[in-house]
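First chain written, first letter: the chains are A, B, C and D, and each begins at residue 1.
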Amino acid sequence: MTYETTRANEGCVLQIRGELDAVSVPEIRGTLDRLAADGIKRVIVDLGDLRLIDSSGVGALVSLYKRVGALGGRVSVRGLRDQPLAIFRLLKLDRVLAPEDAVAAA
Amino acid sequence: MTYETTRANEGCVLQIRGELDAVSVPEIRGTLDRLAADGIKRVIVDLGDLRLIDSSGVGALVSLYKRVGALGGRVSVRGLRDQPLAIFRLLKLDRVLAPEDAVAAA
Amino acid sequence: MGQVIKLEVVGELEHRDIALRTVSAACRLAYARQAHIPEARETLAYVMSAVGEAFNNIAVHGYRGGPAGMVEICIAVGPSRLAVELRDYGLSFDPRSVPMPDELPESGMGVFIISSMMDEVEYRPGHPNVLRLVKRLGVAGGSSHLGSGLEAKGERTEGEGDDLRNDSSK
Amino acid sequence: MGQVIKLEVVGELEHRDIALRTVSAACRLAYARQAHIPEARETLAYVMSAVGEAFNNIAVHGYRGGPAGMVEICIAVGPSRLAVELRDYGLSFDPRSVPMPDELPESGMGVFIISSMMDEVEYRPGHPNVLRLVKRLGVAGGSSHLGSGLEAKGERTEGEGDDLRNDSSK
């Protein structure tokens, strides 16, 4: 797993590549905590190059979504495909976390 | 393994991607035989996207080299890297089949 | 049932990647024999998801509070089905007692993902505990949820948790 | 020697990919523990090359003229070395009798590649035949051929074929 954050104005794009799973979540946790604490208005999580996610990875992103939302901001996920898309669909999280993508696919 | 040939004038570029090994050599053998029989003057084998080669793959390329040479043409390999480069260097085939690359690296 | 592939690794998270890559290569082998089937990507996604959660649970829950034991993974590649069996020597559990995930879940998704992504799921507690996962390959055989993009069979409102039958007869 | 990973597959070429992907994931695990070592890519290239040739030879030569039996692969990941043992139940051979490859070889490269790419190679004919391959990890421990790009230890003129000791004592 590798990741990269790009800040612009009041928003931030977080790109996560490779595998976001029980092994790699701890490596990104500090970055997620900082984003969540920042009171940032808009977080876009780009998963276009994510190969694999597991329930730990989903949990970490849902937690980010809730915490940013609690401070008045918004998190959305884009680029979902293959295995990560299958998991998000199963849990009906695509509608909540990736509404733009969900509309585009409909 | 996937492959693709592009012909231009008297030459041909053969791009081989993925794995060229005992399992996949039979799939490309027909194409190699046709190139070898054609009396083609210049064959460039692009291995820039080759992830893995084994002795069967090397043998198939050496055979192409010899057969094209016997009809007055020339085969050269370009883009060697990682595991395929290690194998070519070990067998000292980089100097023979990839002289341009070998010079560039020196 | 065709050919069997066996893998043994220590039940620690750092071995998750080895387990998944072996299963993934086996899954691709299953489809290399019937390369015309367009569902290969979807099936791979489902099987990786389920086996990944199962492995995590053994490492995190099964071997909690002690040194990790082994996980044995048997993969049987048949012409129409892929069966993956995971055996561990850790704590047992009752899958029927696991509740459905929340609407915005931060955990508690693993068992649900396993049940929903596979066609057959069976858990036999014991020494070893055996979790048997079966995925039908291709279109025939009632896998009607395949072939329509990446929609998984499970819907949260249907309670597939019940697929995980707790059959203690060995 | 740290943790052991075991894989069992049928000794047919179509299982080559599963064997190599498992070994590759194990090799990456070895380096995840010492990610500062820059030789990871080279080591991976050497180990993949050697194990691939060994697997091919078992499938093509060891199990020739009969139904293929199993190949058992044990991978031991230690802090300073990676050991891969391949066991097969097919025909035995004498590695010392294998000549060096030609200058422009179309075959006969496998045993040479195995000997040259690994730090220790040992073959014990028997039932099973056991081929033990060891690669030292990192810079320490005399792997002086590492760290200088992708140059392999072997030079065709040095006759590393002898590394393959035919030790029939079990």
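One rule holds in what follows: a residue touches a chain if its C-beta (ideal position, glycine included) is under 8 Å from a C-beta of that chain, and two chains touch if they have at least 3 such contacts.
These numbers were taken from a predicted model, which means no experiment stands behind them.
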* To do: With one step meaning two chains touch, work out the least steps from chain A to chain D.
  => 2
* In whole angstrom, how far does the Cα centroid of chain A sit from the Cα centroid of chain C? -> 25
* Centre-to-centre distance between chain B and chain A (centres being mean Cα positions), rounded to whole Å -> 43
* Structure fact -> Distance in whole angstrom between the CA centres of chain B and chain C is 41
* By residue number and range, which residues of chain D touch two or more other chains? -> 14, 17
* Which of the chains touch, listed as pairs? -> A-C, B-D, C-D
* Residues of chain B defined as touching chain D within the complex -> 19, 21-23, 52, 54-56, 58-60, 62-63, 65-66, 82-83, 85-87, 89-93, 96
* Residue ranges of chain D touching chain C (in the complex, touch as defined) -> 3-10, 14-15, 17-18, 21-22, 24-26, 28-29, 32
* Structure fact -> chain B partner, complex, touching residues on chain D are 13-14, 16-17, 20, 41-42, 44-46, 48-49, 52-53, 56, 59-60, 101, 103-107, 109-110, 113, 116-117, 150-152, 154, 156
